[in-house]
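Have a look at the structure below before the remarks.
As written, the chain order gives the labels A, B, C, D, E and F, with residue 1 at the start of each chain.
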Amino acid sequence: MGKIVTYGEILQRWSPPGALRIGQGDEWEGQFGGSEANVAVSLAILGNEVGYVSRIPGNAVGDACIRRLKYFGIDVSGIVRGGDRLGTYYFEKAADLRKSIVVYDRNGSSFWSCTPGMFPWKDIFGGCSLFHCSGITCAVSRQAADTTFEAVRTASEMGLRITCDINYRRNLWKYEGADAQGTLHELMQYSDFIFGDQDEWEVATGLPKISEEGMRADSALDMEAYGRYFEQMHRQFPGCSSMMLGLRNQISTNHHTLSALLWHRGTICTTRIFDIEDIVDSVGVGDAFVAAYIHASGKWPDDPQRCLDFSTAAAMLKNSIVGDFNLVNEEEISSWI
Amino acid sequence: MGKIVTYGEILQRWSPPGALRIGQGDEWEGQFGGSEANVAVSLAILGNEVGYVSRIPGNAVGDACIRRLKYFGIDVSGIVRGGDRLGTYYFEKAADLRKSIVVYDRNGSSFWSCTPGMFPWKDIFGGCSLFHCSGITCAVSRQAADTTFEAVRTASEMGLRITCDINYRRNLWKYEGADAQGTLHELMQYSDFIFGDQDEWEVATGLPKISEEGMRADSALDMEAYGRYFEQMHRQFPGCSSMMLGLRNQISTNHHTLSALLWHRGTICTTRIFDIEDIVDSVGVGDAFVAAYIHASGKWPDDPQRCLDFSTAAAMLKNSIVGDFNLVNEEEISSWI
Amino acid sequence: MGKIVTYGEILQRWSPPGALRIGQGDEWEGQFGGSEANVAVSLAILGNEVGYVSRIPGNAVGDACIRRLKYFGIDVSGIVRGGDRLGTYYFEKAADLRKSIVVYDRNGSSFWSCTPGMFPWKDIFGGCSLFHCSGITCAVSRQAADTTFEAVRTASEMGLRITCDINYRRNLWKYEGADAQGTLHELMQYSDFIFGDQDEWEVATGLPKISEEGMRADSALDMEAYGRYFEQMHRQFPGCSSMMLGLRNQISTNHHTLSALLWHRGTICTTRIFDIEDIVDSVGVGDAFVAAYIHASGKWPDDPQRCLDFSTAAAMLKNSIVGDFNLVNEEEISSWI
Amino acid sequence: MGKIVTYGEILQRWSPPGALRIGQGDEWEGQFGGSEANVAVSLAILGNEVGYVSRIPGNAVGDACIRRLKYFGIDVSGIVRGGDRLGTYYFEKAADLRKSIVVYDRNGSSFWSCTPGMFPWKDIFGGCSLFHCSGITCAVSRQAADTTFEAVRTASEMGLRITCDINYRRNLWKYEGADAQGTLHELMQYSDFIFGDQDEWEVATGLPKISEEGMRADSALDMEAYGRYFEQMHRQFPGCSSMMLGLRNQISTNHHTLSALLWHRGTICTTRIFDIEDIVDSVGVGDAFVAAYIHASGKWPDDPQRCLDFSTAAAMLKNSIVGDFNLVNEEEISSWI
Amino acid sequence: MGKIVTYGEILQRWSPPGALRIGQGDEWEGQFGGSEANVAVSLAILGNEVGYVSRIPGNAVGDACIRRLKYFGIDVSGIVRGGDRLGTYYFEKAADLRKSIVVYDRNGSSFWSCTPGMFPWKDIFGGCSLFHCSGITCAVSRQAADTTFEAVRTASEMGLRITCDINYRRNLWKYEGADAQGTLHELMQYSDFIFGDQDEWEVATGLPKISEEGMRADSALDMEAYGRYFEQMHRQFPGCSSMMLGLRNQISTNHHTLSALLWHRGTICTTRIFDIEDIVDSVGVGDAFVAAYIHASGKWPDDPQRCLDFSTAAAMLKNSIVGDFNLVNEEEISSWI
Amino acid sequence: MGKIVTYGEILQRWSPPGALRIGQGDEWEGQFGGSEANVAVSLAILGNEVGYVSRIPGNAVGDACIRRLKYFGIDVSGIVRGGDRLGTYYFEKAADLRKSIVVYDRNGSSFWSCTPGMFPWKDIFGGCSLFHCSGITCAVSRQAADTTFEAVRTASEMGLRITCDINYRRNLWKYEGADAQGTLHELMQYSDFIFGDQDEWEVATGLPKISEEGMRADSALDMEAYGRYFEQMHRQFPGCSSMMLGLRNQISTNHHTLSALLWHRGTICTTRIFDIEDIVDSVGVGDAFVAAYIHASGKWPDDPQRCLDFSTAAAMLKNSIVGDFNLVNEEEISSWI
């Protein structure tokens, strides 16, 4: 597979250590993460040539952020420096039955204010084979949405394969005239591969989800229902060759079951349901699915079952890693399939 | 509801970090806590006007302790400075199947040596509607017990509603002539609301407990037996309008089930049994029950079911919080009822 | 002295631990601070009744910030909750001969967007005797400047004594039409006491400063020159009864000399020059001067020498304290005078 | 029981804190541990007189290692200082379903290069009653193996009781001509007590193991099969009076079941199967079995059931302790039997 | 030299990390230390056989304390377990020009309540050549003072050499009838070697001190005055063969000059004045002097100059060590003489 | 300037935090560093294209090491994976007047065992303009020395500019037949630029050094003596166009003066003597000189004075940075010249 490019916003995340709440103590963990950067990091660890495109302020905080990406060998030459600030958010981790808290602080960020024309997409995409983006970039601000479409149209014209994570966040999409479903639906039209969990597919397609809230490791999925479901989805996105539906049941904060379904050119694959009892950090599980699938589909394009097994094992392992990035290599993932 | 006053000893707690044992490393966590202070903090977070009364030494450690109480907006004007030392204890947390260790070091503390006449109760109670105390203050020393009765009698004369947590600790009550059952029984006579777990009610009443050691989330309680039990309790404390029985089954150190029963003017309410798999810190669960009930009974005096549901959810959430204080607000508790 | 009110922006400060640079490690120290809040904290520790007024977002981060103020017994009832975000800044501490780095991230903060009419100044100032503000609030945004003048005019009309720290920051005052000198000059007209260091007095008055860059513990100041200097300043601010000029010479990052001059109704006082060899944290030294002077001038109104000695000792001690707040009490300060 | 001597290699272990992976951050935990040192520490905590023999470099790292042993009251006079380096290994802890990583770095260590003649065994064993060693010392290097046999033969001639832990590690035994099974079989011939888990007994005897992979707390073991199995083992080691088979089923990283079987002079004892849901650190569980059995068999030589119960409870408690050493005392262990 | 015994109270010390004040954060450093234990640790590191005698409670905290002593190879068989609590103190380190704070919490400790008859002194002193004690043990409580004299008399009768550190603490000596000067004077009569700084010698002898407040590295001491001073001291303690006077000038918290004078059988020795610019921890400097002198005087009994040089270098190095114990060996000390 | 390549060993460094000694606590800092890697990192931060060549083991520790280099944008494609272990060393930092301790543990490392033929030098040097190496690589093992000469000869043949740091370490050069002076002298013959401090130049040339032990910020250097000295050096290395002599006087552990002299084609330049009072970490100061000079000489080839000023300022700033790498950029350095 040739070079892969991903595009989106990377954020500074502030979390109190361990199970502490915001306000308990002055010590914080500050980490970088963001959906498309997470995908880029995974793909780089899996051995791919990867570029990441974003807009990052020209200060010491921006420098640190960019070095963290370089650490994984990512090409950062497509990053534009400028704007006022790096987007941030406060994240109080869930503990026991207590829910997590996210306080977004992204308004006015360098990415939030990026506009069409800022990125030389033709240069960026030169020599590349795949462009990955996600719905979250369209949720930040109107100008960020416009820029995303500019990117995706250029990639499409240049013949790159396009992949997309629906990545719907209810507490974004706040700008005037924001239309999550319309925008997401339009964005997905460019994609050869779409990923989403049950709620996200519902938002992107308007089709009612088939809930798996009670899913246990030995549950049986209603494959007939899923068959009809994928058929309807396929009608909405006829140009898309692969669609993945992530399944996660949160039994408690640290105890999830995890699986996924893959529709590939008319065939549906299922895989093992993992029982994950002692979750370390579940942020970035969706990104782990996506990155592993992109990698696998490049390596084993005619073996969707293997692609699904590999992706799900990668996503399962993400739950054991501190931070957003899925720091596992191909050998570790493959030992589970 | 008007201003609430609580009275008792607040201690410095020394714990090794994480699962370390005493003697593993030189780093310690030092936190403040004590049953009645915990109740005061919860009530303050829930939006009530609260005063806390105690005796605390006039040194830098005492200053830090008092500021921690102010942090939550508690009125500390009733605190008397004096005496030799702040009571302390060493607390090695339980881990896995290994039990916790408590080494009390409270003898000779400023609170231990407080005597009747030290606190201007009439001034303190002026404009207040409720006084909360617990049996543990009578267990520290004879003079502390005498002072507790001085407080409770004054509060009673001034018409305050009195609430009490039985709070029996086997390894206190060591002073000469200490009589746990007699003292607790007498103290409870003043109370409009009494809280205790199964063992505590047994000590306070002499009635054999109805054990719930095997309680699971789907267990059915023997409500007939509890009916007879509450009837007998009611006969012992005829002036008490509400009695709560906390139910906790420790499946393992970090896995408890939790529920409670409430008798309110002849009616018994039950509530959900919570299955808490990943406990962070279970110290102060009883205090969480009490504070939430005091708050709820002031807000919904005619809805004992809601009061019980609210109290139990608050107590469940305490298990997710580091330290003694139940740092959850009304909205977070209410989301569970 | 009656109740004191201060008004300004409080910020979340992010610093790498010790001598680490931004980007070295994921561990951060997160503390709250801001000039006028620092003054409020000092005054509260010195035993005064203090209220703090600001605009703070209605989220968990805002809650933590407000509790930190309560910790010191500050009245927070004048704080208005609202707006998008708490202002923040990144602060990389200086080390050795390497300079510190400040990356401001204050645009769009809750305080930045406060406007006249948001604060019920008449209610806030009821029963108060002194209002303290600083020039930095006028540097944040036009609407913040307008609100500051609204406050200062109301305070003036209600007969409060007004004190002001010039607090000039070159890298603020960025909004359209910002005029530092004009604005500061106008603000100072309301003040009975003005504080500034040499550069700040130069900005506020346009008079060239008398530099003390080479000041050592045994230097002799040119008192004649200062006499003329204060005379000129007095002509610009004829209603001001006391003017303080802070003197600091940064021999190296951790080695400063520190002193001050006080003009009080025509008399100039000098005090000891401190030689501070091992500075822990020099943020908030100016605020320490101001708070100690306000306290001292209330206590010993006819003893300007004592007021100056007390203020300078307080400012010296601030250099030994981690964080913005000057956590020293009257006894500790007085031991130096 | 008289003085006990153990002999082996003690290593410096480098681990990232918590669930972090190697490469996440610059902070590390550095601890000492090694099978026979772990046994020595446990025996010392249980109140026995214990000596530990090894070869440790004559530098500051070696000094720290030896002091750590003294901390537990172990006689270190048999330790020979010399050689180039202390053996080390990197240990990335398992988390969730992610497996642990061990990177051995033991080549060229002071112990690796120890040779027969370096230790004055006759002096060391003077006044001692028991010598404990393990198969791992023969796996490090040929010269270390030769030295082990020198020790065990001397101990045998001097009439000491000999105990041995099979302690097979697949990724050692790398030196030229290494023969794990032959060497282990020969070493065991000297032993009065042999410990091993299922895989280790298989390596030492060549007999296929009776797997207990699905063992749950309520499983029933096939005692007939174990009867035949122990009989065959007894034929291979006719001079051995007690053989223990540790049973551990790793349901997940932090959730094991644990039990053991003991053959003692023809009788087989079984004990409780512990369900350990929240494992803190499972390193050294085998050593905990061994140390507790040596202690118990000296105290209650005619009560094999009690010895087995005591050993298994000790091993269970090890799972709750950070580091290699089983920091539990006799009272804590006895509370479980 | 034969075995050395020291006797006194060892305390748990609680300190906030770095330059933090009590009340800033919940993290604490907990270390053990006490004058005579510090001497014992130094002597053990220097290669001597050492026993330490004290009374320590029979709980987990006491166990940890005793293991810390064993860590250095100290014989702890003379320690009696019992009493209520380990003495503690809070220690806020000095920073910059801010002074340190000590909050003692020793009343009612196991050592405080020790009485004559509790320690089998004759057994303890069997085979020993030197007994070291200090004036601080007589300052804790009357019964502790009585026990000290019991020890010193027995040692004297058994012919041990006795050494004593005056160790005067103004904020102890609080018990009824306490007489610091009389008691210290009497205690010193038993000593062959006495150590004290200028203030301590003044208290013990009533002779006005020769202050060295301005001492710099190149200062010249007034040796005539010291000659007369030592002559007077010698008349008060005619049986004492060596008297050491420690000289320390605290230029600032972290910048001291350090030296000492030694009177040995009529001769006065002087040594280098060290200029110590970056002090890490100055607690235990006196104990470092004493331990090094005891060691040196055993090794080079006829070379008082070398003894003084060695002691002063050891004391200088203590300033570079975290905690009470002087973790430097003979080679490191000797490199400075 | 074109691409730069550096070659050498990178090590894992283990240090106790702060002023702690080895053996105080279980927490360690683990960082990567090594002379030539340090140069590579500095050059990359200064904006150059840099490759680093070494041999690093194919395990998780090696992966982490390589990512750390990528973090700074260094090309790691010339690194060969293989061998047994990453070289390490224990580093106890100096504190106050206590000296640092280095315990090397490099024998048998992947770099130690590298041999000629392992690196495809012709490919590596393709398109490069400068090769930097240092004398330390010849000190590790004979085979490492041979490989260094293989590299330097190839670079020379391919016309690259060669720079060399003498980098003499007394406690290396231990292999049989090692000849420091002969080897270093031969290596320097290839260099266009040589760096060394006074001791290193003495070893490399055999010429007695001109000591600057007493150098203060206002000292005057004996330029005549240096003139003769450089002339003699030039005669030994006639092909070398620039020679730098670093001057450092360690007044105390944390207080150094720092300067340098540069001989460039017959001209000698001097620069400011920096007085550095509060050193954070002085490891890598020499590497900072070298990297900054290489950068400056590429940028301002005809301005040796500016090159020297820039190099010395860079080296001065290194003293303020934690770890081996000089994390300062061109702007920060230039602010000092």
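The rule is simple: a residue touches a chain if its C-beta (ideal position, glycine included) is under 8 Å from a C-beta of that chain, and two chains touch if they have at least 3 such contacts.
Fair warning: this is a prediction, and the values are worked out from it, not measured in the lab.
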Return the chains shared as contacts by subunit D and subunit F, ordered by label. A, B, C, E
Go through the assembly and pull out the chains touching subunit A as well as subunit E. B, C, D, F
What's the chain with its C-alpha centre farthest out from subunit C? D
Same vs different contact residues, subunit D with subunit E, by half of numbers used: same
Centre-of-Cα separation between subunit C and subunit A, whole angstrom: 45
Whole-Å gap separating subunit C and subunit D, where each centre is the average of the chain's CA atoms: 64
Could you list which residues of subunit E touch at least two other chains? 21, 23, 26, 67-68
Using the contact definition from the top, classify how the chains connect: line, ring, star, complete or other. complete
Applying the document's contact rule, which stretches of subunit E touch subunit C when the two form their complex? 18-21, 23-24, 95-99, 252-255
List of subunit E residues in touch with subunit D within their complex: 67-68, 70-73
Where on subunit D is subunit C touching in the complex? 25-26
Of all residues in subunit E, those that touch subunit F in their complex: 274, 276-280, 316-317, 319-323, 327-328, 332, 335
Could you pull out which subunit A residues touch subunit C in their complex? 14, 21-23, 26-31, 59-61, 63-64, 67-68, 84-85, 88, 90, 92, 101, 103, 105, 107-108
